[in-house]
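Below is one structure. I have some questions about it.
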Amino acid sequence: MPEMIDQIFVLLKQWIMGYVPSGLQPLCSAILSVLPILVVFPLLFAITTVLERKGLGRMQNRYGPNRAGPWGILQPAADGIKSLTKEDIVPRSADHLVHLLAPILIVIASFLVYSVVPVGRNMVVVDLNAGVLFFFAIGSMVELAVFMAGWSSRSKYSLLGAMRAIAQMISYEMPMVLSGVVAIMAAGSLSTVTIVNMQAGYTGIWPHWYLFTPWGITGYILFMIAATAESNRCPFDMPEGESEIIAGYFIEYSGFKFALFFVAEYLGMMASSAMAITLFLGGWAAPFSFLTWIPSWFWFFAKLILMLMVFIWIRGTLPRLRMDQLMNFGWKFMLPLSLINIVSAGLWHYLPSGFTRWSVISLLLLLSCFLLSRNLRRNKWFQERTYRFAS
Amino acid sequence: MNLEEIKSQIEANVPGCSLEILPNASPSGQHSLLVDPEHALTVASFLRDGASPHFDYCSNVTGIDWPLKETSSKQKTKKIVDGVEKEVEELVKISTGNYLEVVYHLFSQENRQGPLVLRMRTGDRAERVHLPSLTPVWRSAEFQEREVYDLFGIVFDGHPDLRRLLMWEDFTDHPMRKDYVDPDDYEYEPTAHDEVLRRTQAHYAAQEALSGAEEAR
Amino acid sequence: MVATSLQELYNWGRKSSIWPLNFGLACCAIEMIATTMARYDLARFGAEVFRPSPRQADLMIVAGTVTKKMAPQVVRLYNQMAEPKYVISMGACAISGGPFKQGYNVLKGIDRYIPVDVFIPGCPPRPEALLDAFLMLQRKIDEQQLTGPGRPRHLQEEQPSEFVVPQYGQHDLTPTRNDAIWHAPLVNISNAGPNESGRD
Amino acid sequence: MSVLTEVSIDTISQPANDHLHGDLLEISMGPHHPSTHGVFRMNIVLDGERVVKLKPVFGYLHRNHEKIAEHETYLGSMPYTDRLDYICSITNNWAYALAVEKLAGIPVPERAEYLRVITGELTRLQNHAGLIGFLLQDMGASGTPLMYAFREREKILDLFEALTGSRMMCNYMRFGGCRRDLPSGWMEHAQKVVDGFPRFLDEFERLLRTNEILMARTQGIGIVTREQAINAGISGPMARASGVNYDLRKVDKYGIYDRFSFRVPLGEHGDVYDRYMMRLLEMRESIEILKQAMRDLPSGPIMDPNTKIRNFRPKAGEAYGRIEAPKGELGFYLISDGGPNPYRYRVRPPSLINLTLLEQMCLGHNVSDVVIILGSVDIVLGEVDR
Amino acid sequence: MTNHMYLPVIVLLIAGAAFAIGPLALAWVWAKKFSPQKAGPTKNAIYECGLESNGDAWIKFKPGYYLYAIIFLIFDVEAVFLLPFAVAFGGFTVAESVSMLVFLLLLVEGLVWAWQKNVLSWT
Amino acid sequence: MLGDGIIKGLAETARNFFGSYVDKERLTTVQYPEERLPQIEGTRDFPFLVYDGDDWEKGLRCVSCHICEKECPPKCIFIEKSKDKKPDAVGKLQFYPVRFDIDVSVCMSCQICVEVCPFDAIKMDVEFELSSDDRFGGLLHHKDKLAKSNEYYHKIHPTEAAAVDAALAEEREKEKEKQKQAALAAAAAAAAKAAAAPASAPAAHVPVPAPGTNTDTSAKEETK
C-alpha cells in the first residue's frame, strides 16, 4: 500500500498512457510529465508568497495579509488579477523587443531547470545523464535574461542593477557548480536520479545523505549561499537593491511582465533549493529509515518548503551586503573553499573510513574556513568596538 | 568672554578694521559686533585661529532684511523766521535701514564659550549687496550662505559654490525680503482671511472678466 | 452575467492588491510608515508591498506638503504610474497646502494637477485615518463599473492618463493649475467682505 | 530648461585616461527615492559604482517656515515648530520656547523644567530608535529592525498622546512652562515604558550589533575627522561619533540638565558604525536621565504666572537660544521689534548643517554606501529645507 | 528511447514559454477590450526619481566589470573539466587523482595571481 | 568565527516569530476596522463647538468673539458675527455666530483655538474618520456639523469636561452673585428713585425670537 501511494502519480500516468495510441505516446508522455510541473510549482510559488508575507509579518509582530479570501490565502490570486489588468508600459527609448523577451526568457529558463529534478521515486521529467550540468547550464540563462531586462530598459538604475546582477551571478555560478562537484564525485554520475539513489540507503536509522559528511555539509552550505546569491535573495539582493537602486533591473517593468520576474525569482529559488536537496539532502529520501512508508514526493516537498522557510527567515533578519563585499566573499572565500572542499572530498575517498577520516577532513575544512574568513576580516574595519564616555 | 576684550583683541591684530559693538536690549544680552566687509575675512580667520578663546565653531548664519524705514518725529529747532529767532516744531525724517545684514553666531568649542554675534552689512538692498564669504574660514557657513543668497539676495564673494539652495535656479525673487510679493495663486479659499481674501477677490474679478459664463453668486 | 462576475473579479483583484508607491514627502510620511508597521499593519489588506518604482505601483499616497519645487516631480511620477492608478491625498498640506498654504513655495493642493480619489484631513492624520481612507478607496473601487458610460477614468479611451507637468517659472509654477481637472467653486465674495464687524 | 544643469559632466575632470575607466554615469538620486528620507536629492556622478561627484539638492520640502513665522504671533509659531523636525516635535518646541524665554527673560517653573526634560528625553529615545531602524532599512534589512523600532516608538507616542493630545505634533511647550500637567496614571505608564526600553535595546543589539554584515557595511564608511566636524559645524551624535566632546546638555546646561548625572558617549573613527552606536549608547544614557527626572519630579505650577500667552509682545531685541536636539544643535534666532510677530525668525537646522560634509563623506564610496551615509547623518527634510 | 530523450525538455520549453506568453496575451486582450493603453510622452519616458532623465544610460560601462567575466570564463572551463573528472573519480587511482590535483592547483595559482593583481577588488 | 552575529540575529527573529503566537507583546497589531485601540483621553483631532442643552443652535457657547479666528495659526476658522443677540442656554443674551466654518483641510489640530477661547466654547474632538472624496464640500465643516453636545464632550474627555463644567458653574455663580448684587443695588437705587419715576423694564426681559428663524442660511450657500 505505501508503495501504491508513493507511486500513485506514476501509476496514474501509466494508466492514462494506456488509452493513448502508440504513435502519440512519446508526446503524451512528455506532456503528462510536464503538466504537473506547470501546475505544482506555480502553485507552490503562490503559497510561498503568502507564506513569506505572513511569515515576515509574524517575525515583525504583525499578521500579514489576511483579508483576501480566508486567512489571506487568495492574496496571490488578487495580485495576479491586478497584474493582468494593469497597463503595460514600455519606455519610449527602450529596446522594445529585448524588453519583451527578457521576462519570457527568464520564466522559460526557470521552468526548464525543473526537468531534471527528481521530485519523488521514479518521478522526474527526464533523467538526463548530464542532469546536473543541464541544470547549471540552463540556470545561467537567467543571468542573461536579467541582463537583457536591465540593459534594454535604458534606465540608469536598471543599468546599474543589470551590471550588478551579471557580476554577482557569474561570481556565484562558480562556487555553486564547484560545491556541487563533491556530490558528483561521491555518486560518480551527473544524473540527478543516480545521485538521489546513491543517498537512499540507511545505516541503522540514519540516511546516507551527503549532508552528513564534512565535505557534504560544507558543500551544502556553500551551495545554499551561492543559491541565495543566484536567486537574488536577501542578503544578496543587490540587483534589485530597493533602498539603493530603487528596483534595479526591473525598474521599468509594469503589469504582468513585472509579475513574471517575480514568478521567476521564486521559481529560481525553489529550483536551487530542489537541486540542493537532490545533491545533499537525499532528494526524496526519508530522513529516517522508519519513515520510509511516507511517500517520497511528500518528503521532497517537505524539504523544499523547509528550505524556502529558511530563505524567508534569512530575509526577515539580515541587511544587505555591499557589492564589493559580495564579490570579495564570492571570489576570496566561496571559490577557494569550494576548491578545497573538492580536494577534501577526494581525500575522503582515499582515507580509511572511521574516526580518523572524519577528524582529518573536518579539521582541514575548519582550518581553511577559519583562515579564509580571517583573511576576509583582516581589514581593520571589521571589529567590535568599545567606546569611551565623557561625563 | 567679554565683547569689549574681543574687540580690542581684533583691533590690535587686524589693523585698519572698523568694529562697532551693537547693543542688544533684550534680556538675553547677546550683543553683537559689526564688522566692516573689507576686513571681515581677516577678522574671521583671526577669531578662529588667533583670538582667545578660539572661535572654532560657527553655528548659525543668517540674513536679515532691513528695508528703508522712515520715521518722522517732531523736533524743536531754532530757526529764523521773519528775522526773529523762534523755536519751531519741525517734522524730521529719520531713515534707518536700507541694507541687508548677515549674522554669524560663533562659539568656542574649546572653551565652551559663546555666542559671539558677528554682523556684516551691505551697502544697500539693490546693487551693493556683495559681502565676503566666510565659508573659507568656517565650512559650516557653506549651505547657510547659499541660503542667504537664495532668500535674501546677498552675494557672497569667495564662496566656493554660490547657487540657490532652496528655490529653483530660474527663480528670480528673494522671498525672505520684507518687500517680497507672493505669487498670486489663491484662486479658492474657503476660509479666506485678510490679505489672502483681498487677493482671492482680485483674482475672481479677473476671472469673471475672462469668462463671463461663470456665475458669480 | 459573465460581465458582472468579471467585473466583480476585476474589482476584487484590484482592491485586494493595492500596492502603494514608496513615496513620502513630509510629516505625514512618518504616519504612513507607522501605518505599515506592526501596530496598524496595512499588510492585512495586501498593501504592504510598497513599490519604489511607479511602474509597479497602483496607489500614490501624497503624504505631506507638496512644494512648488516638488510639484513637477509629483505629477511626473503620477504620470509614470501604470493605469489603473489611484491617489490618496493625505494630510492638510497635500489637500490644500494646509498650515503652510501661505508660503510662497507651497502648492495649494495637489488636486490642482492630478485627480485625487480620497482626501484625508488631519495634520498628520492618525494611522487609523489612513486605514479608513484606504477602506474608502477599496469601497470606491468596488463600486466601479467595467462597462457603460459610468466606468472609471482609466477605462475610458478619451480620458487622459497623464497630466500637464508644471514648469518652473520666474516667480511661480506655470501653469499654476490644471484647468481640465481642477474646478474650484466660486467664493461668495459679498458674504465674506474683509471689513465686517468684530474684526480688529 | 532642465534642473539637471546644476551639475554638468563637463565640469568634472575625467579620471586618468586609463583603460580601466568607462564613461561617467550621471544619476539623480531622489527626490523620489526609497532611502533619501523624504524628498532629498543628490546629483551623483558615478564611475562604475564609485561616486566621483555628489551634489546635494535641497528645497523640495521648503515650506517657508521662517517666512510664515514672521507673519504669525509668537504663540502661533509654536505648532509650526512641531513640523520642523517632525519626528521630534517636543525638542523643537523646547528650543523655540527657550529662545523666546531668552528674548523676553521669562522664568520657567521647576516642575515645567522637569516635564521638559522627561518629554525631551522620551523624544530622543523615539528619534534614535526610529533612526537606527531607518538606517538598517537603508542597509536592506527588509523591515524587521524598523518594525521593532516602531513597536517601541508607538509606546512612547502613546505617552505623548496621553499628555499632549497628539502622537507626533505635540505643541506641548509654552514660553514660561508647559501647556498641560500630567494626567493621572501617566507617570506609572511612563515608568513602565522606560523600564521596558532597555529590553528592547538588548533585543536590538542581539539582532544586529555584532552582525558581520552590518559591521562590514558600516565600518570605515563615511569618515569625518574631529577637525572637519568642528569646522563644518557638525553637531549632535554625528559630531560625537567623530570624537567631538560637545553636548549642549553639558555645555550650556540649559534647563536643569546640570542636575542629572549622565555620560556622553564618544566615538573615535567617525564612521557610520560609530554614528549608529552613538545612537544606541545615547539611548541608554537617556534612560538614565529619565529615571532620575521621574524620580525627582517636584510638584508645583507648570506655567510662569506672569507670562501672557496671547498678545505676547517682547521688547525689541534679539536672542539666540539652542538646545541639544536628538539630531544636533537646534537653535532659534529671534529678533523682536516690539510687535506681536517676530521681526526675524530663524531656525538653525542641525540636519542641514550636518549635511555639509556629505559629498566629502561619500566620495570614493559606492552607491550603496551613499544611502547609509545619508541615513547615518539622520536628516529630516522638514528641518533641512524648512 | 534516446530519440525521445529531449522531447519532454522541448515540451517543457514550449510550456514555459506558454506560461509566460499566455498571460501576456491575455493582458493584451484585456487592454484591447476594456482598459485602453494610454501612452504618453511623460509616461513612456525613463523613470529617474521623478526627474527628466539626463544623458543616456547606454554608456561605455566601467571595464572593470568585464574582468570578472573573463576570470569567470576561465573557471567555467575548469568546471567543464572537473565534471567528467568527478564522474569518473570513483575509479581513479591515486596517481590519476594527483594529476587532477595538479590541474586544480594550476587554476588556483591563476586565482591567486588575479587576487594579487587586485583584479578581484571591486571598486 | 564568521557568522555568529548573523546566527544571533536569526535567533532573535525566530523568537519573535514563535512569540507572536503566544505573546501579546510580540503581536501588536490592532485590526483597525473591527478592533480599535482604547481611546486615549487627551487625544485631539479637530475642533468642535460645544453646546449646552438640547438645541444645538440655541445652546452654542460661542459668542463669536473672533479670538480663535485671529489666533488660529493656519487661519482655518471663519466666523461671521450676528448683528443681533439671542439668549444662550442659560438665557443670557449673547451674540452668536451666523456662520462658523472650520476648514479641516487646513486645520493643523494645534489646539490653540481651545486654549485662547475664554468661553470654553470650542474643544477638540477625537473623530478622525473624516476622509472624503469631495475636496470642497466634504472638508469644510459648517456650524451644524461642528456643534456637538456637552454630553458628547463629557464622553470623550471626561476629566477635562468635568473641570470645564465646574469652572463654568463657578463663573455663572459669580455672575449670578454679581447680577444679584447689581440687582440689589439697582433695586436700592430704584427704591431711592421710586418716588421720582416708575422702574423701567430690566434688560433681561427682551422678547425672545422664535427658535430657528435665523439659522445658518448663508453657511450652506458658500460652496457648491
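First chain written, first letter: the chains are A, B, C, D, E and F, and each begins at residue 1.
Operating definition for what follows: a contact is a pair of C-beta atoms (placed from the backbone, for glycine too) under 8 Å apart; a residue touches a chain by one contact, two chains touch by 3 or more.
Since we're looking at a predicted model, the values are computed, not measured.
Counting steps between touching chains, the shortest path from subunit C to subunit F takes 1.
Least step count on the touch graph, subunit B to subunit E: 2. Identification of common neighbours of subunit D and subunit E yields A, C. Centrality annotation: D (chain centre taken as mean Cα position, compared with the mean over all protein Cα atoms). On a Cα centroid basis, the chain most remote from subunit E in this structure is F.
Looking at contacts between chains, the pair that accounts for the most C-beta pairs is A-E.
One simple way to say how far apart two chains are is to compare their mean CA positions; for subunit D and subunit F this gives 35 Å. Remark: subunit A and subunit F have CA centroids separated by 62 Å (rounded to whole angstrom). For the pair subunit C and subunit D, the distance between mean C-alpha positions equals 29 Å. A separation of 40 Å divides the Cα centre of subunit B from that of subunit C.
In subunit F, the residues that reach two or more other chains under the touch definition are 2, 6, 9, 12-13, 16, 27-29, 31, 73, 75, 78, 103, 105-106, 108-109, 136, 221-223.
Touching two or more other chains at once are residues 1, 3, 25, 27, 31-34, 48-49, 59, 62, 64, 67, 79-80, 83, 144, 147-148, 151, 154, 169, 207-215, 385 of subunit D. Shared interface positions of subunit E, defined as residues touching 2 or more other chains, are 34-35, 38, 41, 43, 45, 47-52, 57, 61, 65, 123.
In summary, the structure contains touching chain pairs A-C, A-D, A-E, A-F, B-C, B-D, B-F, C-D, C-E, C-F, D-E, D-F. Listed in rising order, the residues of subunit D touching subunit B in the complex are 1, 3, 5-6, 58-59, 62, 64, 66-67, 102-105, 228, 230-235, 244, 246, 251, 314-322, 329, 331, 333, 335-336, 343-344, 346, 348, 352-353, 355-357, 385.
Contact residues of subunit D toward subunit A in the complex are 25, 27, 33-35, 46, 48-49, 136-144, 147-148, 151, 207-217, 219-220, 245, 247, 250, 261-269, 271, 273-274, 277, 281, 366-371. By the touch rule above, subunit F contacts subunit C in their complex via residues 27-33, 36-37, 45-46, 64-66, 73-75, 78-81, 83, 103-109, 128-136, 138-139, 218, 221-224.
Residue ranges on subunit E touching subunit A, taken from their complex, read 4-13, 15-17, 19-21, 23-24, 26-28, 30-31, 34-35, 37-39, 41, 43-49, 53, 56-58, 61, 65, 68-69, 71-72, 75-76, 79, 82-83, 86-91, 94, 97, 100-101, 104, 107-108, 111, 115, 120-123.
On subunit E, the positions that touch subunit C within their shared complex are 34-36, 38, 40-43, 45, 47, 49-52.
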